Structures are given as C-alpha cells and as structure tokens.
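A, B and C are the chain letters, set down in written order, and residue numbers restart from 1 in every chain.
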C-alpha cells in the first residue's frame, strides 16, 4: 500500500527526517510513535505531498508519489487528516464535509458518504448547520476526520487524532478505526497516546529525532522495557 | 480564602446556552481541574473569567472584588493569567521577547527593563527552555510553545493561573514532566485552575475537580469521587 | 538589544554627519535641489509616521491624506494670523485630536474593515470640507501665505529629525515590542496586561501629528490649495507603497523607500515626460514581485540566491515542524 524508501525531508535548512524507510501493507493499521520533534508529522507531510522529500522515494500501489502535488495524491485515495483538525472556519459543518468529497468520483456519492459519517459521528449531524468556528476544539477534530473520510480513502493518515478529545470520545474514536479497517481502509496513525496507539495497531515504528529507532509488532513493543520507560512513563 | 468565585454565571450566544447557571469557587492555593465532554463550555468559562467574554448574567469575583465586565489587561494586572487552548504566542518574536512582554506589562506595578530581562531568563529556566532563548516562537514544537505560553503567563506574576489543555499532544512521559511543572507552580503559592482531557494528569495533580456538561456543572469533588461518579463515567470517561 | 554598542555609535555618527550635511547644504546648491529635497523630506515623514503605527500592528491605515490635508487647511486658514511655528504645531495638534476621535470609533475594526473605514473617512473629510467651503465660506480654494523655500527647508528638516527620533525611540522601547505583539496576537497581548485600545489609539494619534505638521508647512509651498489638492488620496497610498518598496519592518527601509521612489518619480518625469507613470508602475511591480521584503530585503535575497535557494520550498512559510 505504501512504501517509503530512505527519505530525507527538510524544513527550510533543518533536516527533520533522516534516511527513513517504512512500509504499510494493505488493510494494516500501522502506528508512528514518538515524542515531540521526532518527525512524525513531517513524515505525514511528506507522504501527503505538502512537504516533498529532498531525496528518497515514496511509492503507493505501484505508483511513485513523492513530488506529486497534494491534490493528485488525494485522488489516488490517500487522505491526510491534520493535527488539530483545521476545518474551514467560515463554512458550516455540512459544507466542510461536502468539501471533503471534492474529487469528482466521490462527489457523486457524497450523500451516501455523509450519512455514513453522521452515523460515525452523531454530534456532527446535530451541528450540521453551525459554522465550523463555533465548534469546540474536540468537535473540530471530529469534523476534520469526517471531512477526510468523505474522500472515501484507501489509505487514511491520522495526525494526533486523540488530541484534545474527551476520554470517552477517544475510546469511540479507536473503535471507529477498527470499523474503518473492517471496511477495507488502510490506516497510518501518528499518536502521542502511545498505549492506545500500540493497542490498536498491528505494527508500529518508534521515531526519535527523525530516525526509526525501533519497529515491530505492536504487541511486542508494548512489552518492551525501553518503550515502557521512555514513552509510557512506567 | 476564596480567590475566585462565580455565581449564577450564564453565557448565551443568541439562543444557545454555552454556559448556563454555573456556580463555582476556587480557594487560594488549590489546584482545581475542569473536565467535561468536548463542547461542554469549559473554554467559554475560562473566557468569561479572563475577560475575553462578558457573561450574559451572573457575577464573577476575584480576590473578593467584582471583575465581571473588566477588560483582560485589567484582570491580568489584578493577578489572573491564562494560557490558550490553541497557543497564541507572538510567533515572529523570540521566545525571550514573548516572556519579556509579560514581565514588562503584566505585573501590577510595571517593571524596569533590566529586572524584567533577568526575571524572564529565570522563568525560561523554570520551564526548562533556556536553550531556546533566541529562537523564534513560531519555530518551536507545539509542546514547547505551550511551555513558553506558561512562562509568559507566569511573567505577569499571577496569583491565579488558568491552564487550557496544556497537556494535549504529549506522550505519557512528557505528561509526567508537565505534571512536575504544575506542582512546582503550585508550590510557588500560585492557585491553578486547569482544563484537561489527560486523565492521568488531572487525577494526580488536582485537589478538586469540577465537571461541566452542556454548559452546566454536573459534578464536583475530589478526584476519587469524580472517577467513580456514574454520570461522569457515562458522559465523559467511558468504561 | 540586537546591535553591539560600537555599531550603534557608528550609525549615530553617520546619521549626525548626514544631518549636518543637510543643514549646511542649502547655501551651496540650486533652489531646484532644495525643492526636490523638500519633497523627499515630506514623503519620508509621511512614510515613517504611517509605518510607526501601521507597520507593527498590521492595521493598514489609508487615512494619511485626511490628516495631511487637515494640516494644509490649518495653514491656509491661520497662516496669516499666527506665527509659522505655531501654525505648524496646531496642524499637528488638530490632527492628533481628530485621530483620537477616529481611533475611538474605528480601532475595534479588524483587518480589511479598518483599512476600508480609514479610506472612507478620508474621502468623507474631503467632501465635507468641500461642501463647507462652497456653501458656507463661498470659496473653492484658498491662498496660503507664501514662505521662502529656505525656511520651508529648515522647518521640514526639523520635523523630519523629530519624526525619526520619535519613531526610533518608540520602536526600540518596550512600547515598540508591545505594538509588534498587537500585530501578532491582540488577544494574547491583552491578556498579558497590555491596554491594546489605549496603545493603538495613542500610537495612531502620534503618527498623525507629524502628518498634520508636515501638511501645514508644505501648504506654504503650494500657495494655492483646494480640497482635492489637500486631501488627494495619493497622499494615503504613497506612504504605503513607499514603505513596502523599501521594507516595512525597519525605519531605514521606510526612509529608503520614500527617498528612492520620490527621486525616481522626479527623474522619470524629467527624462520621460510621456511615459513616466508607466515606467514608475512597472518598476514598482517588479520590485515588489521579486523582493517581497522590499529593498532592504535585497541582501537576504542575494544570499539566498547564492546558496541555491532553500530545499523543499512549498509555500513561503510552509507547515510548521511538529
């Protein structure tokens, strides 16, 4: 589904990713875990086309995608849901969701998709006519997820999805991730909530300072002593 | 002694009640947590306290004096400071300059520039960011930006500090250091009122917790009581 | 602050040298040069005082013409009744007071709304004065008491000096930092104890003082004025253009922008009387396109060009690192 080979990405002059390689197979849930400044968000920027790598390659389903403009990457079925949501503030909840289905193929099915999104996030249905900037922080996050799902993606990349969400919603959200996988969506998850991320994913990569320091099956990583100390605060 | 008191505080946006009839109080020296589902009105309550918003009705008293209707800079000078859910730093200025402004303008008597600089450097060290002194605020990671915001708020010499989701996006280990920081702030005699979703932090650090839901206070008590309150579990904590 | 002490002293000496040069110059150059210098001084004052407020706070005012024109009219009405320096002071003072009034009503407006409001205000004042003159006073224009160009020169130099000193002092004081913070995040600034309304109003009013004073003295050069001359919107637009051209962020850039553009206009007018507007516009567009930080950004751009450009430019600011 996704193959990243030795990419190096810079923010201006600062190198954020150092020769990183990683793989995501179809229908997998893979987690990217690491502290602040480890490069997790930069990785998602590179995959989604917002900040292309300076060297290295990214392939998805046989096509080379590094260097492609972001909107074409979305058309391939890769969707990026940013940290903090970032919904369009002066548009209503419904309009935001509709914008998510901008690509023609998904636009045709948008009513059907909107119903599915409302089913997953009932509060969005409740607030359908409200302007996005009147929503609370957590509600904006949910709106952004809904908007991302509107493009009926094959690969969904979540950047800190549990950021600012109430605990009960965090649990619901991780339930939604499971549902998505059952529907055939591949998931790449960047999360600070390490325990939840490892509990729900099949495999995980641990990032530090722009490089992969550990990778493997999530179940095993949860037992790893270094992980427990450095990330789980145990 | 009560440092903050709110009585029958209401805030309506058109017909929508963001905060309806909340009574609350904070005693000096306490660390109080404010939790509730997304959209419950927590940040709105903070906005009403700090002066960003004016209540539709109700009274808020700070150190015994009515502050409803005062502008934020006046409330700041009286000793209340806050951080924001979405960090509002002065991005194109250095980290030190951000904190310096707090020192220069926020304390009740104003500060001499030389002393202000010294104090700001101390505060930088207090939050653990001495190395970032000359960096532009916008270039920092989000977690570090939150620390700068805390330092800037502390620079105004508050007696009450409002923290809005300061721990969002931190790994459990980073949450641990943030908890230490809050305890350090508390030991300086500053009262803390914090909105949080990171349960570990709230439960460890708070003396008392207030729970909001749909703009109303539905529960209040010590952490153990709140963690076992069935209504709170249902609407907020999940099972 | 940022410069070392020795650099500061160097610039101070350089500045004093230039100033002394300006003082003794008139005796040695042609009247034409003096008149040209007057024009340059005028635009420098307008640009620097405009940028005093609008630069750091990002509240773009298009009302400079209103305050400049007010000074002109003070001169026209009182020029023959009061001594010159008093008239100039009054020009500044009345602008200052009007600005406080304007500030009370408009400084709660944000961004574009503020800019449009100030432009509308300027036009409103122009039409109001016109109406008053035509209907109440029975004149269209007025004659202004003439003053010889040497006196004008020295008065302008004096106003220029004061403007630059005030701009410099504000910028390098804690108030300058506070003004910058208002431009970055008003809400945060307010929450750390800055009285943003008072600060905006007073800074805005200070900037208009110099505009009014300059108007009062420039009127004596033109000898005949009417509302469309005094409140010409160009006096609102030019300072903005000049500041952007030279570099809004620092006083040197503002001086450079005003100086270069005024000189350029003069040169073009004399060499290419038929095309000068076209050439002028083209030069403006080209510079702003390639040097978004203005002329003072030239050094930075050359450095960047030499290093082969930054790797991975997406947009100028790009997404933030996590």
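Some notes on this structure:
To be clear about the criterion, contacts are C-beta pairs under 8 Å (C-beta built on N, C-alpha and C of every residue); 3 or more make two chains touch, one makes a residue touch a chain.
Only a predicted model underlies this, so the values are computations on that prediction, with no experimental measurement involved.
Legend note: the chain whose CA centroid lies nearest the centroid of all displayed protein CA atoms is B. Centroid analysis (C-alpha atoms only) places C farthest from subunit A. Here the spacing of subunit A and subunit C, counted between their Cα centres, is 49 Å. Per-chain CA centroids place subunit A at a distance of 29 Å from subunit B.
If each chain is reduced to the centroid of its CA atoms, subunit B and subunit C end up 41 Å from each other.
In subunit A, the residues that reach two or more other chains under the touch definition are 36-37, 83.
Chain contacts: subunit C has residues 321-322 touching two or more partner chains.
Counting only residues that touch two or more partner chains, subunit B has 141-142. Residue ranges of subunit B in contact with subunit A, taken from their complex: 13, 35-40, 43, 85-86, 141-144, 165, 168-176, 197, 199, 235-239. Listing the residues of subunit C that touch subunit B in their complex gives 174, 177-178, 180-181, 184-185, 187-197, 320-322.
Residues 34-37, 83-84, 123, 134-139, 141-142, 160, 163-172, 192-195, 229-233 of subunit A are the ones touching subunit B in the complex. The touching residues of subunit B, counted against subunit C in their complex, run 50-52, 71-73, 76-77, 81-82, 84, 88-93, 97, 100-102, 104-107, 113, 138-139, 141-142, 152-153, 155-156.
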